[in-house]
Structure formats: structure tokens, C-alpha cells
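Below, chain A partners chain B and then partners chain C, in two separate complexes.
Up next, the complex of A and B:
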């Protein structure tokens, strides 16, 4: 029978601090010394890319920031990658936030991709940051019904005179809605997709992706799956960034967790078989 | 009367919003849109009430010298700085964005990333082959983990395909059922509200 000092007991009861330390090393080491594993492109990412590729130049695309700061390491690389694509395709970008943290990431995306936000000469013509609208789904409904309900942008400028806002009457004028979310896309499907027929793309955390998949491809034309989705998109737009760098760390962390699961089970099974029936 | 008036208001507003969603009647659509704007105003007011409530709780803790008064003081100072900078310069000002990017983002991300460490430890402890069902769960979890990271593909090109099948078929089927269940639940709740049977939100305990 297994004793307290038995190897099987040790395998089944590894100190959590050991797991924490090894996980830290497995995440940090590949970031410092990447081993550059190839990252394949998944069909939902390809669908997203192709849909944006197919949009005519000058089409209005909305980036809806429904993300908090907590999910930024996963979602922001996605934002940077698809905003680069929107810029390369010369599409018009309307950024709006349904989470209070959203406008700051929208601003960061403009600065990272266009080099400037409100001071850029194309601000108000090719892109705009409308800021945060409080009210959750009610805010989405209001914005979808009348995007001009917002009178001032994130920087306090009057939006009614800005060129990009002129052709807008309802969400029907949007050729694509990209939802950056750490919670769900269901409410966007309800308020933009179904009533106004706006095609939706989900740029979501890996944890949330299972909530997006039931809508794909009928109501959500494509989605980016967490950091992996961002890494795939970075390859498609030929802009390697933090997401691709993070893929090795993700690989090492996943492998470590699997090793621990196997080790724990070896200890558990051997102890169980040794135990008298 | 105390019950009937709020019930009547609820029934009218539920009918208004439901009709607005399905029908194109300009009068109804306009009235519903105005009520939705009212919700936005109330949401903004709720944020203000939240700040007042939060301040009261933490001020009381500091005044009564309860445990964690230092953390309360730090919270209040941070809150005051953010409100001051946001109100005076605007939340679109570079200094506000700088504070957000360098205080809130790292703290919030660090808090969220801690979950990864606990999940690793929990996976090691919980994923034990105690039954046939646990075995299926474990195998599926390992395949999805390998399929989602590039290392899985490096081991065997079939991992991403298998992983995608698990996500697309059994997982999506389950989540779809969940979404439909929620939708039916919401529909039945709406009908109960319309019929006046749902009174729990009025604080009657019914």
C-alpha cells in the first residue's frame, strides 16, 4: 500500500508553488528565447480576413470595444492586427465603446496603427473614436438605431460636422461590425445583426470563443480566437507582433499543464491499483 | 395601488419594447427609442451613485479605523485623482490615457493572469481519471489544449483538426442548447411580466 513517502503519493500531491514556479518559467522563457513554432491559420480567421478583403474601399466599419483592461493582453493584439488591415484596405473606421475602458484602447489602436489619434489629419474623415456609451445593451440598441445620438467624440469634439458621420442614418450603413469582447457577442447579434443585417466579426478571448461559435458562420462571419487568433491575423496582414511572440509561451504553458495532468494521473492510478479492494 | 401602478408601467414598457423590436410603426419606434435613451441617462446616473456609495463605504472604514483602512485610503486617493484629471482635462487627454495605460491596464491584466496559475494547479488536481466520464473529459481537454497551441500541430498535424471537431460539434451543440434554453427562459419571463405574474422585482417576494 502507498505510504506518505511513496513516489506515487508525491506525484499525486505536488506543491502548488512548484506548479506556479514552473508555469512562470514556461511562460517567461519562450518570450525571452522564442523557438518560433509555425502557427497555422484557422478557418474562422481566414473568413474574417477574406470578408474584410472583399469590402469596397471607403466602406464604414465599426469597431465596438466591449472589453475591459483585464482582457487587453489577449484582445489588444487582435485590435492592432485588424485595424492595420482596415487601414491597408482604406476602410473608414468608427470606434465606439460599450465598456468604460474601451475608448482608451481605441485611442491606442489609432496611435499604434495610424501614428496619431485626434491630431491625425485623417481624423474625422477616415476614422473616429466616439468614446464610451453607458447602458450596455440599451446603449447598443440606441447607437444601432441612430449612430448620431452621440454628439461629442472621446476627445470632446462635436461629431455632427465630421465627414465620416455624414452618411450615417442607422446601423444599416455599417458594412461590418467588429466586436472586441471579453464577455459575449449575443447582444450585438440581437441589436445589430438581426434587426439591421450588419455582418459581425468577433474578436474575443479564448475563454469566450465557445459562445461565439454557435453563431458562426450564419450570424457571425468570422472570429478571432484569443491570442492565437491575433497571431494568425498578424501573419495574414504581415505585421508580426506580440501575439506571434506569445504563441511559443502559450505552447510551453499548455504542454506543462498536460504534463502535470499526466503526472497527477500516473500517481493517482498507481495508488488506486495498489489499494486493496 | 402600490403594486398595480408599477405593474402597469412594466407591462406597458415591455409591450412597447417588444412591439418596437418586431414592428415598424414610427410612433412606437420613436417612443421606444426615447425610453431607451432614458435608460442610458439612468445608467450614467447609476455610475455616479456607485461612486458616491463606494466613497461612503471607504470613508466610513477609515473614520472608524477598521481593518484595511490603508487600502481604502489608497482607493479614495486614486479615485479622486482619476476623477479630477478626467473632469478637468477630459478622459481623452493624453495624461488620463497615460494613467489608464500604466496603472489600470497592468493591474487588471495581472489580476486576470493570476487565474491562469490557479487554473494550472486546479487542472492538475481535478483532472483525475475517477470514472469513464472523467476520462472522456480529460482526453477532450488534452486534445483541445494541444490543438489550440502550435506545439500540438508540431507533434501531430491531426491535433488541430480533432480539436476543431470537438469545438465545432459536441461543444457548439451544447452551447447552442444553452443559448436556446436562455432564450426560452427570457421569453417565458417576458410573458409572465406581461401577464402580471412576475412580481419578484417589485420586492413582494412573490
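Up next, the complex of A and C:
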């Protein structure tokens, strides 16, 4: 039997706050002193990059912000990276949100990448922030059927007067839909991908990736896997940012948890073998 | 100048609220609860305002301009407020029924194609791909993994022989899937911590870090002192 002095007993009764502290150190230290570990680029990220590279200049791309503040540390670096790519390729960007927090991140992306949002001379010609559309999947279906159903953009401007909206009649005019989400992509495949044949890219949280994979590559042409996916994309667009800076911390935290799992399992097996039959 | 100050105040607020929320990791306390309540209140208020703005821009303004069609959804939505009336509660059910009916109709019809027929089609793969062992193995795992997982949940008859073997294979595939999901979830949570720690390194939020360290130290010392006191009295 394990006694109080036994290391397996100490391991089993360790204060969880010690683990929290170690985890915090493993994240905080590499951010101050990066090791510069290499970050490989996964096939779904490469597919995303290649698909956008292949779009003709001036093509209409929709960025659908189905994200809340809770997933911003994962999703926003992705948004900044691919919006930079869309800008460099001179593609037209229609930003729309199906989560109430989405428009402010859409606005932030325009300001970070273009330097301004509604006051930019290209606003309404090359990009637009349509704001939040209430109604969940019903709103998605309505927007896919007629994108001009929106009367005013996020800043209160009349949408019908803006040049970027003129050629639109349905979702079939979109050459790509980028779904930024922490909840699901199935609804976008249902309302945009299957009925209108719009190619979809997922800029999603790591939690959501296992639900995106069944659609890849037939329905979803590529996806970015959380912060890691953002770091990969930052490398591809040659715009190193906060995602790439966070990868050492991610690796250190993963290593620490792998050690925890191994030590925990060894302790469990030792306790089990010592137990009298 | 005002814009710059507002940005700095924003960073300081964001950093302060992050530390307040993370103080929960030491133990449940009022400071972390205040941060939670502020987050809930701000998020709800923001959502309500944006939803109201959406209804105003896209329904109320066109109605005021003479598009009477918008009177139907606007009046129907007002019926939702009968939720608070015991006498006329039945009126609340009318828009609710419409919302549920339309929502279900939109999802179910499309979902049948997206998540059933299209997924079945995607599983019909060749079990042998010439000169491509990688795809051959991949296809075998997908086809037999799906069959195994489905058979694992077949309860109408006792599974024996090859069906038992296939069900066991399906079980292992499910376990691998759960492991992958857990790994992805862990990665996501660490990414969130990284995001918050990165925000705390930005000045002026960084000045809060030593303050937080001192407060945690005081809390630990306070707790230890409290733990020691009852032991002394019990000894007496």
C-alpha cells in the first residue's frame, strides 16, 4: 500500500495549483525567451493558400465571422493572416457576421490590414463590413439566396450604393467563403456549399477541426487549425505575427503535459502493482 | 491624444480583467466573479444592441418608408412578449412555433444531404489504389472504421465472429477519435492562454504582473496563517 511518504501518494495528492503554475511558466517563459523551433506547414493550410493564390484578381470572397471574443486568441491571428493574403491578391472582401461579436473583429481586421475601415478610400469598392445578421442558420440561408437583403452595413451606410455589392445576385457569385468559427461549419456547408457550390475554407479553432475534417477536401477546400494554422499561414504570406510568436509556448506546454501524462500513468501503474491482491 | 489614452486604458482594463478571471485558478473568489459578471453583462448588452440595430435598419426603416410587408414579422415578433402574460400566453406560442418550424425545416432538409448522403458517398472508396499504398491504407481505415463504428452501436443482436472483430476495430477507431479530439481541445485551450499572456506583456498591462504576483503571495501567506491557527487551538 502507498503510504503518505510514498512518491506515488504525493503524486496522486498534488495540489492542482502547482500544475497550473508550471503550465503558466511553460507558456510565459518561451514568450519572453523564444527558442525558435521550426513550424512545419500542414497540407490543409497549403491547400488554403494555393486555392486563394489561384483566384483571379477582383474575385469576390466572403469572410463569415461566426466567432465570439472567447475564441479570438485562436481565430483573430488567422483572420489577420488570410486578410493580408486577400489584400495582396487584390481580391474583393465581403465581411459578414452571424455572431453578434463578429463585426468588431471584422472591423479590426480591416484596420490592421488596410490601415482603416469605413474611412478607407477603397471601402465599398474592394471591401465591406456588412455587420451582424441576426437569425442564425435562417439568416445564412437568406443571405446565400440574396446577399443584397442587407440594407445597411455595420457603419450605417446604405449597402445598395456601394460598388462591391452591385454584381451580386446570389451566393453563386462568391468565389470563396471563409468561415471563421469556434462552433460549427456544418451550417455553412448546408447553406452555401451544397446548394450553391461555394468553395469553403475553415478558419477554425483547434476544437472544431475534427468536425471539419470529414468535409475536407470535397466540401471544405482547406482549413487553418487554430493558432497553429494561423502560424503556418503567417509563414506562407511572409507576415510573422503573434501566432508564430506563440508556437514555442504551445510546444513547451504540450511537452509539459506529455510529461504529466507519462508520470501520472507510471505512478498509477506502480500503485496498482503494489496493491495487495 | 484622447485616442491613444483610450487604447492604453483598454489594454489596462483587458489585462486587469484577465488577471481577475485567472485568480479563480488559485481559488473561487469575488474578484473572479466580478470579472465573469462584467464579461456576461458586456457581451449580452453588445448582442442586444446589435440585434436591435439590425431589426431597426432592416425592418423598421423600410416599414417607415412604406414597405408594409415588414409589419408582419415585426408584429409577429411582438407576440413573443406575451410570454410574461399568464392569460394570453398562447399568443407567445404562435411566433415560437413559426421560429421552430422554419428553423427545423431549413436545417433538416439540407442536413439530410450534407451530413448523410454526401458523407455516405465520401465513404465509398476503392479498397486498393494501384501504386499508392498510403491512399490504400487510408481508404481501408475510413471504410472499415465507419463500418466498425456503426456495428459497434448495433444492439439488436449479439455480435460474434467477424462482426465482433469489426465492432472491436470500430471501438478502437472511436477511442482514437476521442483522443484526437482531446488533443485538439488541449491545444485550443493552451492557445487561449497564450493569447492572454501575450496581451499581458503589452505595456501598460505588464505593470499589473508584479502586482498580481504580490497579491498571490499575500493570499498564500494568509491561507497558511489561517491553516496554522486552528491547529494550535486544537492542541490546547
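What we mean here is this: the second predicted complex is superposed on the first by the 277 of 277 C-alpha atoms of A that agree within 3 Å, B and C clash if a C-alpha of one lies under 4 Å from a C-alpha of the other, contacts with A are read in each partner's own complex, and residues count from 1 in each chain.
The criterion applied here is as follows: contacts are C-beta pairs under 8 Å (C-beta built on N, C-alpha and C of every residue); 3 or more make two chains touch, one makes a residue touch a chain.
Remember, it's a predicted structure, so these values are computed and weren't measured experimentally.
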Query raised in the report: Does chain B (first) or chain C (second) touch A:38, or do both, or does neither?
Result: first
Query raised in the report: Counting only touches as set out at the top, which of chain B and chain C does A:133 meet: first, second, both, neither?
Result: both
**Report entry** chain B versus chain C as contact partner of A:186, first or second or both or neither
**Finding:** both
Query raised in the report: After lining up the shared chain so the two structures overlap, which partner does A:246 touch, if you call chain B first and chain C second: first, second, both or neither?
Result: second
Query raised in the report: Just chain B (first), just chain C (second), both, or neither: which does A:150 touch?
Result: second
**Report entry** Which of chain B and chain C A:228 touches, first, second, both or neither
**Finding:** both
Query raised in the report: Looking at the overlay, what does A:219 touch: chain B (first), chain C (second), both, or neither?
Result: second
Query - Partner chain(s) touched by A:52 [first = chain B, second = chain C, both, neither] - result: neither
Query raised in the report: Counting only touches as set out at the top, which of chain B and chain C does A:171 meet: first, second, both, neither?
Result: neither
Report summary line: Intersected contact list for chain A, partners chain B and chain C 20, 23-24, 68-73, 101, 103, 131, 133-134, 136, 138, 141, 149, 156, 186, 195, 206, 209-210, 214, 225, 228, 250, 253-254, 257
Report summary line: In the complex, chain A touches chain C at residues 17, 20, 23-24, 27-28, 31-32, 68-74, 100-101, 103, 131-134, 136-138, 141, 149-152, 156, 186-187, 189-191, 193-195, 205-207, 209-210, 214, 218-219, 225-228, 242, 245-246, 249-250, 253-254, 257
Query raised in the report: What part of chain C is in contact with chain A in the complex they form?
Result: 25-26, 43, 46-47, 50-51, 53-55, 57-58, 61-62, 102-103, 106-107, 110-111, 113-115, 118-119, 122, 177, 180-181, 184-188, 190-198, 201
Query - Parts of chain B lying in touch with chain A, wherever the complex brings them together - result: 21, 29, 33, 36-37, 39-40, 42-44, 46-47, 90-92, 97, 100-101, 104-105, 107-109, 111-113, 116-117, 119-121, 123-125, 127-129, 138, 141-142, 145-146, 148-154, 160, 164, 167-168, 171-172, 175-176, 179
Query - Residues on chain A engaged by chain B in the complex (per definition of touch) - result: 14, 16, 19-20, 23-24, 37-40, 42-43, 68-73, 101, 103-104, 107-108, 118, 129, 131, 133-136, 138-139, 141-142, 145-146, 149, 153-156, 186, 195, 206, 209-211, 213-214, 225, 228, 247-248, 250-258, 260-261, 263-265, 268-269
